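Chain IDs A, B, C and D follow the sequence of writing; residue 1 opens each chain.
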Amino acid sequence: MQSESPPEPNRENEPLKERLWRIIFLSDTSGAKAFDVVLLWLIAGSILVVMLETVKSVEVFHRELLKGFEWLFTILFTIEYSLRMWVVRKKRRYALSFFGIVDLLSILPTYLEIFLTGSGHLIVIRVLRLLRMFRILKMGHHMSEADFLVSALKASRSKIAVFLFAVMAIVSIEGTLMYLIEGGREGTGFTSIPQSMYWGIVTITTVGYGDIAPVTVIGKILASVMMLTGFAIIAVPTGIVGAEIFKELSPVKMDGRKCANCQHLGHDPCASFCKSCGSRLPGPTDSA
Amino acid sequence: MQSESPPEPNRENEPLKERLWRIIFLSDTSGAKAFDVVLLWLIAGSILVVMLETVKSVEVFHRELLKGFEWLFTILFTIEYSLRMWVVRKKRRYALSFFGIVDLLSILPTYLEIFLTGSGHLIVIRVLRLLRMFRILKMGHHMSEADFLVSALKASRSKIAVFLFAVMAIVSIEGTLMYLIEGGREGTGFTSIPQSMYWGIVTITTVGYGDIAPVTVIGKILASVMMLTGFAIIAVPTGIVGAEIFKELSPVKMDGRKCANCQHLGHDPCASFCKSCGSRLPGPTDSA
Amino acid sequence: MQSESPPEPNRENEPLKERLWRIIFLSDTSGAKAFDVVLLWLIAGSILVVMLETVKSVEVFHRELLKGFEWLFTILFTIEYSLRMWVVRKKRRYALSFFGIVDLLSILPTYLEIFLTGSGHLIVIRVLRLLRMFRILKMGHHMSEADFLVSALKASRSKIAVFLFAVMAIVSIEGTLMYLIEGGREGTGFTSIPQSMYWGIVTITTVGYGDIAPVTVIGKILASVMMLTGFAIIAVPTGIVGAEIFKELSPVKMDGRKCANCQHLGHDPCASFCKSCGSRLPGPTDSA
Amino acid sequence: MQSESPPEPNRENEPLKERLWRIIFLSDTSGAKAFDVVLLWLIAGSILVVMLETVKSVEVFHRELLKGFEWLFTILFTIEYSLRMWVVRKKRRYALSFFGIVDLLSILPTYLEIFLTGSGHLIVIRVLRLLRMFRILKMGHHMSEADFLVSALKASRSKIAVFLFAVMAIVSIEGTLMYLIEGGREGTGFTSIPQSMYWGIVTITTVGYGDIAPVTVIGKILASVMMLTGFAIIAVPTGIVGAEIFKELSPVKMDGRKCANCQHLGHDPCASFCKSCGSRLPGPTDSA
């Protein structure tokens, strides 16, 4: 098995296991791409079946059909899991990896349901059934276009965390004040501080269900102030993520050049001298 | 008909058909512009009539008037369609083009209604009547200012597709969890996973109708997390489209020049040398 | 009255009329600034009185007090209007200007109410009373900080118009489809196309009152598509206005230099040659 | 006590009071950091207790437990407050500072409740109890990551104030019009101008509770116009704050250099000559 290094060009003599590994885990050959597309459709189909099972009108009339499809998808995913376990070299590492566990959880529930048909296990069965919904995470195997989105969110992660903490602090104080103002009355939704905070989040994010709404004059004034505050604050994450995406999409990237004298990073592409200490920067050819 | 090439200056000797073609299909003469404006008003009027026909209080008292206007607009649009068919050279290509079909669908329903006055065709009639609403698409003939909007959305199309897919994945998982938490209770709106996903979309887009809202404590906590997540995620499309529009509106466009030496794309307009390899770039006059 | 030119420095010998004109119409002396501040507070107070008059619980118990304040404000504004008419030179031009009409409408309603105490004029009285609310526009006399906001909105005016037209077209088509799907049913809010379009606007702007909401499966799917579309489209005005404000706030303005050869406008500050035709641009000193 | 200057390196001989001051008020040693972390958790715990006390189902069954925790936190915060008062040099200045008052208010309510157990002081007790909620502000002692957020909001403060004033003016006029149109009818929520303005704020911020919604045709048209306006206006704070954050995050800062000849401000970092008058700019080293 000395020919196992991936960049090897002549694949004619590859053993079956090796070729399957290429098809299942990589996406560089036409066979591997076809496998990816087929699997994506299978996942989408299996998710649709789980969804429809929860719709009463559909479930009553097409129970057998859904059951059949469910078993079809389960068997296909079982074959896929078995193949993955067979062809992968570090079996244990795969089995304990995130996608390994997701792949296992995609097939286990259907088998477990056979043993749990007693009436006492209804909730367990429902949880198991819905666990199959997480097959959607299997799609992560086959998606690489979402990288820019992930990197933009990652870059602004710590700033969004601070922002969310600030929002929670505002919501806590506002929720407490609203509970104080509206709390004592009958027929109001502000029955406790956590409930008032839930209302605060519904309001500051501009969702506004309307299941809880202020009824007193002072409560309405406070709510108005909070909405207008939220209106200004909503601009903060937009600014953060927007700036990151703008940098991501912009064709002019900042220089990666570092000043040899003062270690300053991030120079303008047309700068010849460090803007922080004035010493000569390395030429543009050096940063390629 | 050798004078049919459009840039011909002397239009005095043009035959009627040629002159009509100019007026109907182009917008470069005062006659053609007047035709465009009249047609835009006719379309707006005909749409208004279709709308008012659906309002019961108006329809009962002004049925004859609306009927009259409807036939007036239909006859005018029929004349327009006939003229277009007469003057256009590639008749078949126009008839099967997008706007050709829209133009035909704008007149057909009114005529078809004559044959469908029986009581059994009520739904067909209603669909036909509303089909005339799509005359709004005829306006596309006469709009060119919306180009910047279309190009900004087109440029960010693939990124928005990835973003919408990510939102759907989040909504699927959240909807499943909410169905699990809230689903078993009486009087709750979370009756199935698709229903929960509908609630998830209503929530994450901050629309928040309030027809479905969580009632349990865990459900409310999960919904709060989802709203705050949506609050951060709403910044993503804003960042994407905003960055594209900013580029579109910005007077400083990035160069489309490519370095002949290292193939680096995206130079500053004031750069004379490639910032990646230092070789001379083609002059700005070459990229005009 | 040859000393009436404003930049005259010695104001000691100015007649009263001249000095009042300075105080009332300009804001460059301490007296004029004090006048502005007092007037702003009077306007705010008079608006508060109009508002409180509509609140039943307040109006019943404090009718006389509100009446008194109303007459106080009306007399003060009458004095202000008389002074303005006296000191201004082009009396007719002021009387017919926007702020001249607003100033007159701020005092007329209270006087007219004396003659309209008959029971038959109730609606006219209410309209007149509320007309005084527009005194808020008088504040426009005294606000100059909002210029950046106005200029940012003005610069993006035509683009926002195109955007709003596109939104209306989408809402028309969506509203028609929703009326088709949900319209026939009992208990649904989609009773006509205009009503469905109202729902469409409530939905696409993410306001989401919940007074009208889809109840059928297809209606919910269509509404979901519309919400997600709106989620992407909401980024468009943000991008447009955001880009304008960014340019407004940015310390680096684009050059106002115009190429003498090809009339190209909007060069990079560091460009020496026209990027469109290559001819030499005027030096930076020329554009000061 | 001549060794009290903070940058002194040898802390071995420091008296206890000095060392405690370091731990409590600074964050530069491992002991001080541990103190910060412990205090953050104590604050979070005490807030949770105050919240849970307002939830009836929890309070009824775990009253004693919550009472116990409440006293535990109060005693710990009392010790903290005493230590702070002991180690700080300018005792009076700390006691009257913002955080000094917050620290005192965090412990007082629990003690005051002992004397206010009579049935006549129920509201006072509730207010006192909830006052402890503001312990969340104590977290401000220990947070420094939120600086970028504060500075971005501060930089756009005056612009946001102008924006909020403009929104209030729009809401006043819209609210008055809606009261005029919808006010006379039965069963409508527009009972007064302030109420209509509350609805206006709920609508323009796209919160949309739905507790008040227009019912007349003209009211719905006006509300639609308002929503679409708000849709365009929501972009304004996003643009303002977004631009500030973008500048904050951007590696390329605009120059603060001012031309000595013509006072022009805001040069490109790579400019060596003033773009307005052509005279030599101070070198980049001068602006460091």
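Points worth noting:
Note that in this section a residue touches a chain if its C-beta (ideal position, glycine included) is under 8 Å from a C-beta of that chain, and two chains touch if they have at least 3 such contacts.
For each chain, UniProt lists the protein as follows: A, B, C, D = Ion transporter.
Owing to the predicted nature of the structure, the values given are computational and were not obtained by experimental measurement.
The chains that touch both chain A (Ion transporter) and chain D (Ion transporter) are B, C.
Looking for a copy of the A-D interface in A-C, A-B or B-D, one arrives at A-B, which has over half of the same contact pairs by residue number. At the interface between chain A (Ion transporter) and chain C (Ion transporter), two copies of one sequence, more than half of the residue numbers in use are shared by both copies.
Of all chains, A has its CA centroid at the greatest distance from the CA centroid of chain C (Ion transporter). For the two copies, chain B (Ion transporter) and chain C (Ion transporter), the CA superposition rotation is 90 degrees, given to the nearest 5. The distance from the centre of chain C (Ion transporter) to the centre of chain D (Ion transporter), each centre being the mean of the chain's C-alpha atoms, comes to 30 Å.
Mean C-alpha positions place chain A (Ion transporter) and chain C (Ion transporter) at a centre distance of 42 Å. Measuring from the averaged C-alpha position of chain B (Ion transporter) to that of chain D (Ion transporter) gives a distance of 42 Å.
Looking at chain A (Ion transporter), one finds that residues 163, 194-195, 197, 206-210, 234, 238-240, 242-244, 246, 270 touch two or more other chains.
In the complex of the two chains, the chain C (Ion transporter) residues touching chain D (Ion transporter) come out as 47, 50-52, 54-56, 126-127, 130, 133-134, 136, 139, 145-146, 148-149, 152-153, 160, 163-164, 167, 194-195, 197-198, 201-202, 205-211, 234, 237-246, 249-253, 255, 269-270, 283-285, 287-288.
On the chain D (Ion transporter) side of its complex with chain C (Ion transporter), the touching residues are 158-159, 162-163, 165-166, 169, 172-173, 176, 179-180, 183, 191-195, 197, 203, 206-210, 213, 217, 220, 223-224, 227-228, 230-232, 234-236, 238-240, 242-244, 246, 254, 262, 265-268, 270-271, 273-278. Residue ranges of chain B (Ion transporter) in contact with chain D (Ion transporter), taken from their complex: 206-210, 238, 242.
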